[in-house]
């Protein structure tokens, strides 16, 4: 079956795709030359331009049949390399632009340029633009090897961000991240080599027309998938994520947690939905979702047991990444073929929702850290009064993330639930509900502590910076309003869904999530409740006592398991085991 | 079995032997030496595979730069040697070994079962060589057909420099990278550096220049030039420039910057981004490559020097 | 002719392997570093012969590169191996 | 048995060796070296695939060769960055392995206490 | 003509191979670092030289022949200097182990 000729020629507006990559790259090079004094100005100048390009692509896409193509150097694949944008690319480009701009505003208001180190701002701004360039390349790249280079670009930009503060623990986290990510890329590259050997092209579109269920393809698919899983930090390949994301400066953490892990996830979507389609089959999709469910449970339970806010948020990222992988089995149609339907749309909206909310959360936590001089959960009493904007940001982002109306997560959850019903995989509905409840648990835990009265008057180490806080707040609001956006031109969303966003039914669902979350937080979090003194609590404690002891025991067990899994050799073996498992399940399917 | 096959099996066996040595030997230093030897030898396989461009790359990187990088690190980390007790337990190692063997077996099976006749873009790349006027097909792929990858890879090099520099202590930011090497100006090393550097520079430029039509190219030439700079540095004849130097920064982005500018010119005036007008293709590509050689040589040299750790003032005895 | 040259490469390679075994075993690091020197000569000879056999003229360029760079590992070893003295500022690498 | 077979097997074996080394060698520098070995194996895989694509006049498909050259550059930069990180870590914290991160243990609390 | 050239090549390459053998025997038999270094550099450089000599008649052009000779010269230079450096490092003993 030949590829449709229209997708092998440059379309109108194709140059926008080039510009979306070139503008941030030019920013990187320019600020590298002009050095420390101008780096911030250049970055702040690149941001509106880049955002405008992303919006232009968003507007141009529906005009041209829903895709934009550009042939680089006018060479058509397989010899040349093409850039292609579809609805998925367009929304990811736009979301990335918004998050980068918000983080940029946050960081610009955050760091007075004259003070202290010149090293940190220089590295931060250059790397921020580099991450943008890499992500845009990932979103519009049409060739698996170009995607590999973009993935490496992303890694090279992300790793130094982790160790910006230069402490020994952050250096160790960065080194671990780099090495594990490199192994992941090698796996991806291995798969690429096999695919080229089989079909003589790495162009995604050409490959999608050429692949068939040969053993080589399945092995390549397994290798590439597990390499990308390692880069996305899906449980149990998550050893690098918590220390890396918790150790970086707040603005860097926001980018790392919100955007960087989505890069490899997006390539995984491209690989499964655009290249492999029918090949992975039922069992492999179940494996991915099972790992995702594991990530939700382990990540959330360990998050509830962290005593530092940043680590809590980092572990929450782990759980949220798991949530994304639930989309794979739900996207299967009757013949075991992956269908670009509501499940994919839901997964992508969830990814964007998490990106915005998590970036906002990390920025809020960064402000709290800067304000209090620490981020111990048990010591943040009274913060709500001292730093109201930060706590509100955290709350709004948390509400969006746990699936309250009209957040993106609630829309995503609706879509995914719809697909569980359609495909009859009721078991994943449970995982989806639990995911929301777990999110509610750790968000509420933090909020209750922040809202409780302080032991002693809160002494702020630094005054809150209005600009930074507003940027974070804007991003949190964004996340909370995602459910209201018109997604139809870009993502396949059944129209019927949006009408029932505000109903009694959805209110009940939200209530269940919140109540379930409260119960989980009480049962699983080891921290003394701020209201322990009150009488009502004592009564409750008597009833819940045995359950809570059991919950804490379970939590301790999970945490110990997590620590074992985060050891390097164990994680490496897990990676190989996942590869073998995926390959075996794909062989079983065909 | 023909004599050629016997030879190939032997070559593979020696290479694998070195690989095994690298992985299983106890001391890190011995492993490092084993890997450097491996890196030198692997060039032979690339020649045997008729991929001379890659052979040159492996020789320049594996032979020279990797060796300096890894051996230098091994010597500096020697005190960290008694960490062997952190080795994973027997069960873990056995599992890892079993899974690695399984991977190898699967991979080997897949490679042996690849389809015949093999798909190839060789005819297409030869048929389209007219567009650039260069007759080295690998250079054509790198500079024309897949120019985007090459450009992004040069940005990766810039980021690697930013990453390495970002590790500097705040006090040394903007200073010179790495330790200042000292050596007897009339000693053996200085003698070698004085004699070898000019030869090496000629060879580096030759390898780059010949890359238009024969195996070679900007990266290989740049790597050789970087090694010569490194030799002069190690012999105390030259010093790394301070990282805040504007000319240095310009050189470091010259390759990717020029690539970008030519690409944009193609977008504005030509057929497409990164396309060259056929009449101008050869001079444009060579121009980019000249800038890239300089950039690559400087980048690789600086990557090996490490993070800035001294003040920008020139060293005085 | 081709057969003879191939056999000669094989022979040199065998010698190389034996030499490597002997050198890499040690006892000292200096012995081990000699391995790179051994490949610097034996490997180049093999490469030149191989290029002639396989009809890859560029093998000479590869050999040239190797000849140029094979010394580097040894130099790095000598330099960094002594860096502890250097750090004291008491002794330079080679003028003692 | 031809060139492709021999070196294809060799590449697969090098990949396995590298994998084992990356997982089982405790010292970070050894992991970096093993990663390089692993990368070299994958590049050889590309080389074998390129060799299979040889046509009259060209002994090896140029596209995989170009991909390998790009890959070698990336792998070398990665090695340099990793070594720089490792040396800086060594300077800051002394001998250290990758696994010695101090996990934050929650203090056990008495319920309601 | 071609026969004469081939004869020269075969003779020189065989002699070169012999010197590689000698070098390896030296490496295997000699007891300490310095004598092994001696065996390595002397024998191998001669071996390389003879191989180069043997390949000269097979070279296509003057440029290739020049390259071959310069490879040998580089090998000689490298061998001479590096063996000095290694020997010195080895003699300092303790610091190198």
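Some points to look at:
Order as written gives the chain letters A, B, C, D and E; numbering starts at 1 within each chain.
Just so it is clear, a residue touches a chain if its C-beta (ideal position, glycine included) is under 8 Å from a C-beta of that chain, and two chains touch if they have at least 3 such contacts.
Per UniProt, the chains are C = Monovalent cation/H+ antiporter complex subunit F; D = NADH-quinone oxidoreductase subunit K; E = Monovalent cation/H(+) antiporter subunit G.
All of these numbers come straight from a predicted model, not from anything done at the bench.
Taking each chain's centre as the mean of its C-alpha atoms, the one that lies farthest from the centre of chain A is E.
Legend note: the chain whose CA centroid lies nearest the centroid of all displayed protein CA atoms is D.
The largest tally of C-beta contacts between two chains is found for B-D.
With centres set at the average Cα position, the gap from chain A to chain C is 48 Å. Our note on geometry: chain D versus chain E, Cα centroid distance of 33 Å, whole angstroms. Taking each chain's centre as the average of its CA atoms, chain A and chain E sit 58 Å apart. A separation of 15 Å divides the Cα centre of chain B from that of chain D. In chain C, the residues touching two or more other chains are 16, 29, 33, 40, 56-57, 61, 64, 68, 70-71, 75, 77-78, 81, 94. In chain B, 4, 46, 48, 50, 53, 65, 76, 88, 92-93, 96, 99-100, 103, 107, 111, 114, 118-121, 125, 145-146, 149, 153, 156, 160, 163, 167, 188-189, 192, 196, 199 are the positions where the chain touches two or more neighbouring chains simultaneously. Multi-chain contact residues, meaning those touching two or more other chains, occur in chain A at positions 79, 145, 149, 152, 156, 159-160, 163, 166, 171, 190, 194, 196-197, 200, 567, 569, 572-573, 576.
Those residues of chain B that touch chain D in the complex are listed here as 1, 4-5, 8-9, 12, 15-16, 19-20, 22-23, 28, 31-32, 35, 38-39, 42, 45-46, 48-51, 53-54, 57-58, 61-62, 65-66, 69-70, 73-74, 76-77, 79-80, 82-84, 86-88, 92-93, 96-97, 99-101, 103-105, 107-108, 111-112, 114, 118-123, 125-126, 137-138, 140-142, 145-146, 149-150, 153, 156-157, 160, 163-164, 167, 217, 219, 300, 303-304, 306-307.
For chain C in complex with chain E, the residues that touch the partner chain are 1, 4-5, 8, 11-12, 15-16, 18-19, 22-23, 28-31, 33-34, 37-38, 40-42, 44-45, 48-49, 52, 57, 60-61, 63-64, 67-68, 70-71, 74-75, 77-78, 81-82, 84-85, 94.
On the chain D side of its complex with chain B, the touching residues are 1-21, 23-27, 29-30, 32-34, 36-37, 40, 43-45, 47-55, 57-63, 65-70, 72-74, 76-81, 83-88, 90, 94-97, 99-100. Chain contact summary for the complex, chain E toward chain C: residues 6, 9-10, 13-14, 16-17, 20-21, 23-24, 27-28, 33, 36-37, 40-41, 44-45, 47-48, 51-52, 55, 58, 60, 64, 67-68, 70-71, 74-75, 78-79, 81-83, 85-90, 92, 95-97.
Within the complex formed with chain A, the chain D residues making contact are 15, 19, 22-24, 28, 31-32, 35, 38-39, 42, 45-46, 49, 52-53, 63-64, 67, 70-71, 74-75, 77-78, 81-82, 85-86, 88-89, 92-93, 96, 98-104, 106-109, 111-113.
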